[in-house]
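Structures are listed in the sections that come next.
After this come two complexes, each holding chain A, first together with chain B and then together with chain C.
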Partner chain A sequence: MVGYKIKKGLLYAFLVLLAAACLFPFLLMMVNATRSGVEITRGFTLIPGTSLKENMDQVFKFFNPFRGILNSIIVAVPATLLSAYFSALTAYGLGFYKFKGNNFIFFMILIFMMIPGQLSLIGFYNLCSKLHLINSYIPLIVPSIASAGTVFFLRQYIISSMPPALIEAARMEGASEFYIFNRIVLPISKPAVATMGIMGFIGNWNNYLLPMILITKNEKMTLPVMMATLRSSTDIQRNQGAIYLAVAISVIPILLVFACFSKYIISSVTAGAVKE
Partner chain B sequence: MKTVKKLLSLALALVMVLSLGVFALADDLDPEDPAIADLESIAEPNGDKLVVWTLAEDLVDFGKRYQATTGTEMEVVVIAPEDYPTKVQTALVGGETEPDIIVGEPQMLGDMFSYGAFADLDALGAQDYAGQIVDYVWEVGKDDSGVQRAISYQITPAGIYYRRDIAEKVFGTSDPEEVGKYFADYPTILETAQTLKDAGYRIFSSDSEINFFSGLEPWVVDGKLNLAQARLDYMDLVVALYQGDLTAYANQWSTPWYQAMSGPVPILTADIQNYADDSVNVWASEDEFAEATEGLQQAEVFAFGLPSWGVLTLRDNVGETSGLWGVCAGPEYGMSGGTFIGISELSEKKDLAWDFVKFCTLNEDVADWWITFSEGDTVSLKTVLEAHKDDENPVYGGQKLYAFWQEQAEGIDYSKVTPYDKIIGDAWGAAISAVKTGVSTKEEAIEEFYDTVAYTYPEIEIER
Partner chain C sequence: MKLQKSSKLTAYNRWGYAFVAPFVIVFAIFSVYPVLRTLYLSFTDLKILGKGNWIWFDNYKRVITDKFFWRALGNTLRIWGVNIVLQLGLAFLLVIIFSDVKYKMRGLPVFRILYYLPNLIAATSIAFLFNTLLDWRYGTFNILINSIYKLFGATYNPIDWIGSGSTAPYTLAVIQSWMWFGNSFLMLMASVQGINREYFEAAAIDGANRWTTFGKITLPLIRPIMMYVAITSLIGGLQMFDLPFLMVSQSGAAYRDVQTVMMYLYRFGFTTGSTQTGYASAVAYMLFLIILSVSIVQYKFFNKER
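Coming up: the complex of A and B.
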């Protein structure tokens, strides 16, 4: 019994240490958000500084971070939802319907996964420019309907965890194909969709290159683009505190989303591990 | 579906909470804004509008001031410097007419000129103003065929910032003219370093301080790589400083480098600096650093080599040594940075844009205001530099810095700058590091340097 307690004690001590190591950078970020640039370049400490107000003023001098958060949400939430829903739809179609060219389409998706997005940047800009979509959120949101990586992941998941008998039963009851997808396939693949959703949300939230190129109005910029402008100060040292503060503000929504949906990630790790 | 609903409700809740914190960014000027607070009246909107894409915060203030003075509405978009060239190129190649004003730093200008980003300022009458701006700045803004395409409001010549009190003790003089003689050329600097070490000081914090003064010869001449004797001498100097324990072994921009501005710092060893010995973390906090370096010899650092914007860096970091500093000339003339303003080739309001460019760069009142507002930036307009030549800077023992910088700027020969400088300079820096730390011999490092240049720029001819 004593041995068990010691073991448990050691284990907890180890876990606390691990947690501390993980949380330390966050703490440092919070502390640095309250210190001045000169203090930050002089080294780190865990004692909060007194420059929070100055940093806040400096951030607001460059941009309104709440406006940036709102803009980012306007882009990231619809993009994530569209990507999750349509990817699941495509994945189900590819996984469960037998038709000519199925494998060919799947193969094409695999190939598109491997092409980096930066390659088509200027072409994409020209397209948006011709369609008068510069400074619009549409080119940031709509293309996420076709996310090759998510389709690939969900297809594998649906094939492995979806009993075909369920779908056949639904068909015999007279359910339409679309109804089957919405009422049966989507709930069953929920863990995988949520996982891809969280990943997608973080990806969209942090997306920098495309909004940086496509958005040219200050009030329409997403948060990462706004934050990058802090680096344009002539004397970069002075803006260090403001940069930390902006980063601290920008992770709050990610933390919220993660806190709400992380339980799905955990369940998806175990789901599918046992095959029926 | 439940997930979707939850996601939606969460998103809506977030939007609601956030919209409470959102207030519209005022398009109107705030008369209290420091950039325009000193103006007596603010001009009424005249219906015109200019769009500025900038990589420097400065133009936001210039924009406000221009709007307040003329009534032209200014939309200034700030873009992170490293992404600025991509952003502008994508937009201009895509036919965007929106930015009227675009800017660039000297190293970006070559590329931007070559794809035709900047409009011809001569066509708008720029040559009427020739001679009013410090010469090298005027030259930097010209393209290969000599057409004026951009102008900067600032100059950025490099100088050696030194401690007057130490100079007095060791050399018996603190006069910038006299102290400059101890930095006259590379061999002299090496001697000076030894003298200072013997007196218990260190000449520099890092061995990169003379980098700003190493461009005596252009890197490329007539399509051929030019590894001049001056470059080899510079390599020898850095290696000698490093191997002879003549610096404080602090990396530029690291904790002890900043610390050295305000007082004594522990003298690190070569191994600590190149991370072979990890007993001391040079990026650690002040307390931790003090603990880790206990027992190491302490010394004060004599000098820093920085461009004119270093005036502000030192001012913020010198602490109690404020007033004890001076600035003298380095072994040769050098410069680094500066924001150049021009007009987009695709702008539909070139005349109005030219008025703004003139406002920022060629207007005496504005330049005068900028000196006060920026708390000591060095402007490029000759008449204003002249008017401020007797201004004394208290941080630098009352030295007349504007006169000094103007003098330094006059010596800069911009024809030595090539578009390859950044990459080739970095490769040469890597070669020097390899030699000084003993990773490779001088011959090996130079061979490797040739290789790097050869595969980065196949068009450059290399004579090995």
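Coming up: the complex of A and C.
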């Protein structure tokens, strides 16, 4: 019995250690963000320093991270909402209406789910430069109306959880098709839509390659693109504290989202596993 | 009467067009067209602007014969290979621990949130965080290791984690697995929790010990999902870009050992001075063909499993 307890204790120790490994870099980030560059190079500590203000000044001399956060919100929020609404609308249209081309559209969705996004990068850029959409948010927002993967997932969900009798009943009452979608289908599919929405938001928020290629003006850069410009600054590179602070500011919004929606996030990761 | 009913049915169904129309329009413009446009460009010698000439398969011939492309593919696979072993190994170990019928470990809801956390943070932030932490001379990691060495009276010869070609790919692989093991663990654990309780109870009644239970029930049931995690990770891993691109500078010594296929593509597709749009498009399609063959193998494998 003693051996059992010791073994169990060791297993817990391992789990805690692993959890610490996940948090430790972020903890160091927070602490180092408050220390000066010289202090950081001189030694290791977990006690916060007093140079937060100086680091802040140095970061702001190089860029305004709140501008980046605002830009990221301007891109990620509409993209998420458009993707959630139109994916549900498309999923319902494909799942509950019989019309010519329905199967073809679904087939195309399956095909495009298998095509990696990077494949079309050059053609996408080419299209945007022809349409004069470089440095515009349109190519970062509007394409989310057509999120193949989200439509696929929601279609399965709506078909399995939406009773056709309910739609029939609403039709008998004289409700319009559009009304039925907005007032009955959308609320019923809310858990799935929210799940996909949260993941979509995080994906949009963290997206780097596409905005990096499309956005070249400093004042329009989203947060990840703005962060990447740290590389080119030798000035700020000299003070590690400022870099830690910039990283910390970029991480905090997503930590807040996670704190509020962790339940949805966890369930959306496993959605794929349960389906299999 | 019958005729009227069927025409009413068609009237409902016509709404289907209205509902899918926005999707179809945007899909055609921003998804289908770019894919076809890239295909077209891959057969031309377009540099940046203007019109390229149709050169048939010359770009593809060049990709296949360019040793730098194959080196980039090799780099990508090496980083991914080390990463997936660590990532799946750790996730698998955690599944064993949390599904053990003897120890009945608690706290899964909290642990899985913590393990999943690194996966949420943008790769750009992760890149700068670790670039700074792992700095050869001034990074906190080496300073920490140094002070531990000092504690035992030894001297630590600082390891250049991301600056040298012999360590950089492995450092990147470890960071990748740090970012992704929680994700794999969540997927595997969910499939274990999806296993019918009755199997375990029946096994317990038959007197099966915990390792037999694990080997005969848990393992076979999560094998397909492990395969699924590995293959999706390979498809994602082949497109690896953000971390190596941001962490290793192009002028750095480690660059040739960490340049991935996507970085190779980026060099020809978007870097000022070396832009060769046509060639980069062919690289994109080569990458697609590689990913497609992986997907086909996956499909075949899954059909056999069932």
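By our rule, the second predicted complex is superposed on the first by the 203 of 276 C-alpha atoms of A that agree within 3 Å, B and C clash if a C-alpha of one lies under 4 Å from a C-alpha of the other, contacts with A are read in each partner's own complex, and residues count from 1 in each chain.
Just so we're on the same page, contacts are C-beta pairs under 8 Å (C-beta built on N, C-alpha and C of every residue); 3 or more make two chains touch, one makes a residue touch a chain.
Fair warning: this is a prediction, and the values are worked out from it, not measured in the lab.
Participant: State whether A:Leu133 touches chain B only (first), chain C only (second), both chains, or neither.
Facilitator: A:Leu133 contacts neither chain B nor chain C.
Participant: Classify the contacts of A:Ala175 with the two partner chains as first (chain B alone), second (chain C alone), both, or neither.
Facilitator: The answer is neither, since A:Ala175 touches no partner chain.
Participant: Which of the two, chain B or chain C, is in touch with more residues of chain A?
Facilitator: In the superposed model, C touches more residues of chain A.
Participant: Touching A:Thr229 in the superposition: chain B (first), chain C (second), both, neither?
Facilitator: The first partner, chain B, only.
Participant: Is A:Thr41 in contact with chain B, with chain C, with both, or with neither (first, second, both, neither)?
Facilitator: The answer is both, since A:Thr41 touches chain B and chain C.
Participant: Looking at A:Leu119, would you say it contacts chain B, chain C, both, or neither? Reply first, second, both or neither.
Facilitator: A:Leu119 sits against chain C, while chain B stays out of touch.
Participant: Looking at A:Phe99 after the superposition, I want to know if it touches chain B, chain C, both of them or none. Which is it: first, second, both, neither?
Facilitator: In the superposition, A:Phe99 touches chain C alone.
Participant: Touching A:Ile213, do we find chain B (first), chain C (second), both, or neither?
Facilitator: both
Participant: Based on the superposed arrangement, let me know which partner A:Leu70 touches: chain B (first), chain C (second), both, or neither?
Facilitator: In the superposition, A:Leu70 touches chain B alone.
Participant: Have a look at where A:Ile184 lands relative to chain B and chain C in the superposition and call it first, second, both or neither.
Facilitator: So A:Ile184 meets neither chain B nor chain C here.
Participant: Mind sorting out which residues of chain A both chain B and chain C touch, each in its own complex?
Facilitator: Common interface on chain A, chain B vs chain C: 41, 43-44, 121-122, 125-126, 213, 228, 231.
Participant: What part of chain A is in contact with chain B in the complex they form?
Facilitator: These residues of chain A touch chain B: 37-38, 41-45, 62, 64, 66-67, 69-70, 73-74, 77, 80-81, 84-85, 121-122, 125-126, 129, 134, 182-183, 186-187, 190, 193-194, 197, 212-213, 216-219, 228-229, 231-235, 237-238, 253, 256-257, 260, 264.
Participant: Sort out for me which residues of chain A touch chain C in the complex.
Facilitator: 4, 7-8, 11-12, 14-15, 18-19, 21-23, 25-26, 28-29, 32, 40-41, 43-44, 86-87, 89-90, 92-94, 96-99, 102, 105, 108, 112, 114-127, 139, 142-143, 145-146, 148, 151, 171, 177-178, 181, 202, 205-206, 208-209, 213, 223-225, 227-228, 230-231, 240, 243-244, 246-247, 250-251, 254-255, 258, 262, 265-266, 269-270, 272-274, 276
Participant: Where on chain C is chain A touching in the complex?
Facilitator: For chain C paired with chain A, touching residues are 12-20, 22-24, 26-27, 29-39, 41, 90, 94, 97, 102-103, 105, 107, 111-118, 120-125, 128-130, 132-133, 135, 137-138, 140, 143-144, 147, 178, 182-183, 186-191, 194, 224-225, 228, 235, 238-239, 241-242, 246, 249, 262, 265-266, 269-270, 277, 280-281, 284-285, 287-288, 291-292, 295.
Participant: Inside the complex, what are the residues of chain B that reach chain A?
Facilitator: 1-4, 6-8, 10-11, 14-15, 18-19, 21-23, 25, 51, 53-58, 75-83, 86-87, 90-91, 93-96, 98-99, 253, 255, 258-259, 283-289, 309, 312-313, 316-317, 374, 377
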